[in-house]
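Pasting the structures in now, so scroll down.
In what comes next, subunit A is part of two complexes: it sits with subunit B in the first one and with subunit C in the second one.
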Partner chain A sequence: METALALRALEKSFSSHRVVDGISLDVPKGCFYSLLGPSGCGKTTILRMIGGFGEPDAGEIVLNGKRLNGLRPYERPVTTVFQSYALFPHLTAAQNIAFGLERRGEAPAAIAPKVNRMLELVGLQEKAGRMPANLSGGEKQRTALARALVVEPEMLLLDEPLSALDPALRKRVRIELKQLQKQLGITFLFITHDQEEALSLSDQIAVMNKGKIEQIGTPQEIYLTPATRFVAGFLGAVNWIDGIGVRPEATRISRATPGNGARTVDAQVETSVFLGDCFHVQTRTSAGVTVTAQVSHKDEPFANGDRVHVWWHAADELPVRE
Partner chain B sequence: MNRLRALFLAPSAAFTVVLFLAPMAIIVGYSFMTRGVYGGVTGPWTVENYQRLFDPLYGVILWRSLVMSTLATALCLLIAFPLALFIARAEEKRKNIYLYLVILPFWTSFLVRTYAWMFLLRDSGLINSVLLSLHVIQKPLPLLYNETAVVVGLVYGYLPFAVLPLYSNLERMDKNLLEAAADLGATQWETIRRVVLPLCAPGMRAAGVLVFIPCLGAYLTPDLLGGGKSIMIGNLIQNQFTTARDWPFGAAISLALMALVMVLLLALLRRDGEEAL
Partner chain C sequence: MKQGRFLGVFAAGVYAFLHVPLLILCAFSFNRSKFTIWEGFSLEWYRQMFADGQLGEAAWNSLVIALASTVLATAIGTLCAYGLWKKNSKWLSGSLYLSLVTPEIVTGISLLALFQWVFRYWQVQLGMHTVILAHVAFSIAYVLLVVMARLRTAEPALEDAALDLGASEWEAFRLVTLPILKPGIAAAALLAFTVSFDDYVITSLVAGVDSETLPMVLYAMARRGANPVVSAISTVIFLGFGALILLSERMQKNP
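Presenting the complex of A and B:
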């Protein structure tokens, strides 16, 4: 697949602390690509360097064959959806969206139709004349998205654009965002610390930690076959049993001795938490390790203190050891 | 609770009544009286002092005061905006140092500082001496005792009053807005024009009011730097109470000036109110 963005051995330090430490990656054209990592891992610094808000100390940023290093932000064919949205408070939603077109010298007659089409695309036709202060969180987010997309950037940079929304809205907007990206075919570089967000949205994910890339892969790859212990732990819960990693949903418990082919340890039930769609049963093995198993409603109910067998299939073991 | 509130408000209320409202009432009273032979006021009551305000002679002085104050205010805003922007965008540690430098002139009396300008601008002053010794000019430039000198003095004197409100306005501005503008293709100049300036309009108005009002009433600066040739309303009022010994007329001019300032302020406040909606 053709590469849109290429980062080559990117480095950036702030007062002798190396925040970005030799990052190289390729973002394919039309891809929804996520940089996933905990806060302080350097992902936002990378995004800012691509947008032109800070130059790398070393390394190259190449977008569709063009080197971006040293270009001013307004000379780069990328736009950003800021975490705080950064909508201009003195302009209406429509004027905010028109801002980029005006600055890029678009003919005034061409601006209105483009703004209207974009308002329609994000479902804000009714709110076109509102000031940002009179828009809801979701509407602000969509205005920011429309404002960045209307100039038809070669790539859209999204800096945790969903983190300011309440959880219920966040899930809905997530689906809309994904649909929008597929519809427009624009390359998205999405920054998040929320693994669920990254897994559900991305075509590809680069997991970052301490300024370095831990693993690059599809959501399934990084979840099911994490390359490092950090990736395994960051993408979801892991039971570490004698050094072997098993996800809670692959961990089974039963009173009867499990059949052949199963790996098993003895344990005692400590607590059982009802989560609506399932139970999380926490057990303690005879070696003193806490193991959590995800149990469906149909399974036999477990009471605290029950002696059980914790078991799993060898195929479900994560390929990394503790 | 109410008694406590009354107790706390008492000093400022007493201060306002004794030192502001009472003198005001006296001035209003004086403005309707007749001048005494050696100053002061006597009967009978009259409105003649207000009728005299419409003498074209005073119209010229009022017009000159308005023009010079407007010019000084415009120059103050022009100089203060980039300075305030620079301070607001400086490193956190440096901001306080720069602000300190802005208010540093207040440590000495305004009179002393105005005299310092006389030493700078006069024929044998620093500027002329330097230019003469460098042979840039053959005879001293007439820098002092004209309207330009007065405007320079006013700008110098009231610049901090423009810098501080603009700074506080710019300081509160979300830095992301500047990045968003650049991100969408705006150059630095376009960002200032399209985003920063519109957003600091309230600061501009506050700064304008804080500079314009004292400029309009200034008497020390035009007196010393204008050399008594280009007098402003402030000087006219001062003259009535001193050399002219016409207290009632001085009181009438004072009140007319105050009314003018109030009309301007109300117009501005109304605009701010409309924008808040």
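Presenting the complex of A and C:
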């Protein structure tokens, strides 16, 4: 697959604190690519360097074969959806969307239809004349998205664009965002610290920690075959039993001794938590390790203090390196 | 109940202390008598005020000086505030605020010293231009204070967004930051105009023979003895500024 964006050994320090520490990655054309990592790991710093807001101390940024280092933000064919949306408060939604086209010197006659098509695409026709202060959170987010997309960038940078929305809205907007990206075929570089968001949206994910990349892969790859303990733990709950990682949904418990081929540990039930679609049963092994198993409603109920066997299939063990 | 009544009396006292002098001033400007005994309503002092050529010239000087220094100080102060906001330097902003806490008499004497030193090499004299320069010098800090307060509420990402969408740095300032700052700049200009029109100490030090301002003439008249014309002018100035401030509040509410 053709590469849209290539980062090569990117480095950036703020007052001797190395915030971005040798980042290299390739974003394929038309890909929904996520940078996933905890707060403060350097995601925004990377995005700002691509957009032209802060030069890297070392390394290269190449977009479709063109080196971006040293170019001013307005010379770079990328646009950004900022975390706070940064809508211009003195302009209407439509004027916000027209801003980039006007800066490119397009004729007013050409701008109006493009703005209208964008408003339609994000479903904001009725809100075209509203000021940002009079838009809801979701409408602001869509205005910011439309404003960045209307200039047809070679790549769209999104800095946690859903984090300011309430949880119910976030899930709906997530689906819309993915559909929009598919429909337009624009390369998205999406930043998030929410693993569920990254897993559900992305074609590829780069998991970051402390300014370095821990693993790059498809959502399935990084969830099912995490390369490091950090990735395993960041993408979901893990039971660590003698250095072996098993996810709760792959962990079983039973009173009877499990059959051949299963790895088994003896344990005692501590608590059982009802989560709606399942139970999480927390047990303590004879070695004193806490192990959580996901149990369906249909399974036999467990009471606190029950002596049980905790078991799993060898194939479900997470293949972490360390 | 008892405490409530005491507070009411106290508040009335404070208000009276603040506003009764203005009321007395206003009332005696319409008094037929030259002295502080009420003898009946008259517009005589207002007639005299408008007939006085020296007063008219001083008022004109004050207006020209206030307008010129307001335009210059507002432009310079706004750009300074913008630069300081971008650079975010404690040192630089601190040194500019210094001029707010410098006693006026010190500012005035130091400006006079500067002008006299410069005049050794340049064949120029004290006059309107030196007064305007002096007023610009002390108004900038006021403009800075007001515009900075407005900038602190602005989101830094807005200019980034403008650049990101293809605006140059100048366009980002002109099309995004400046419109957002407009109410702050208007308030700053009003303040600069007020402090310039009002200034006596610094102005009297750096003014030349042709550049007497209204406060200077008023001061001289008042020193010569009770004069209802002074009350008349003061009333006009008070009402003029009151109207100006109401107007600017109006403008800020519906821009």
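In this section, the second predicted complex is superposed on the first by the 320 of 322 C-alpha atoms of A that agree within 3 Å, B and C clash if a C-alpha of one lies under 4 Å from a C-alpha of the other, contacts with A are read in each partner's own complex, and residues count from 1 in each chain.
Operating definition for what follows: a residue touches a chain if its C-beta (ideal position, glycine included) is under 8 Å from a C-beta of that chain, and two chains touch if they have at least 3 such contacts.
In this text the structure is predicted, and so the values were computed from the model without any measurement.
**Q** Following the overlay on subunit A, give me a clash-or-fit verdict for subunit B and subunit C.
**A** Overlaying the two structures gives a clash between subunit B and subunit C.
**Q** In the superposed arrangement, does A:Trp240 touch subunit B (first), subunit C (second), both or neither?
**A** neither
**Q** Considering only touches as defined above, state whether A:Pro73 meets subunit B (first), subunit C (second), both or neither.
**A** In the superposition, A:Pro73 touches subunit B and subunit C alike.
**Q** Would you sort A:Ser84 into first (subunit B), second (subunit C), both or neither based on which partner it touches?
**A** After superposing on A, A:Ser84 lies in contact with both subunit B and subunit C.
**Q** Applying the document's definition of touch, where does A:Gly52 land relative to subunit B and subunit C: first, second, both, or neither?
**A** So A:Gly52 meets both subunit B and subunit C here.
**Q** Kindly classify A:Phe279 by the partners it touches after superposition: subunit B alone (first), subunit C alone (second), both, or neither?
**A** It touches nothing on subunit B or subunit C.
**Q** Going by the contact definition given at the top, which residues of subunit A touch subunit B in one complex and subunit C in the other?
**A** 51-53, 72-74, 79-80, 82, 84, 86-90, 99-100, 103-104, 147-148, 151
**Q** With touch defined as at the start, can you tell me which subunit B residues reach subunit A in the complex?
**A** It is residues 174, 176-177, 179-187, 190, 194-195, 198-199 of subunit B that touch subunit A.
**Q** Flag every residue of subunit A that touches subunit B in the complex, lowest number first.
**A** These residues of subunit A touch subunit B: 51-53, 72-74, 78-80, 82, 84, 86-90, 99-100, 103-104, 147-148, 151.
**Q** Which positions of subunit C touch subunit A when the two form their complex?
**A** So the residues of subunit C touching subunit A come out as 155, 157-158, 160-168, 171, 175-176, 179-180.
**Q** Per the contact definition, I'd like the list of subunit A residues that touch subunit C in the complex.
**A** 51-53, 72-74, 79-80, 82, 84, 86-90, 99-100, 103-104, 147-148, 151
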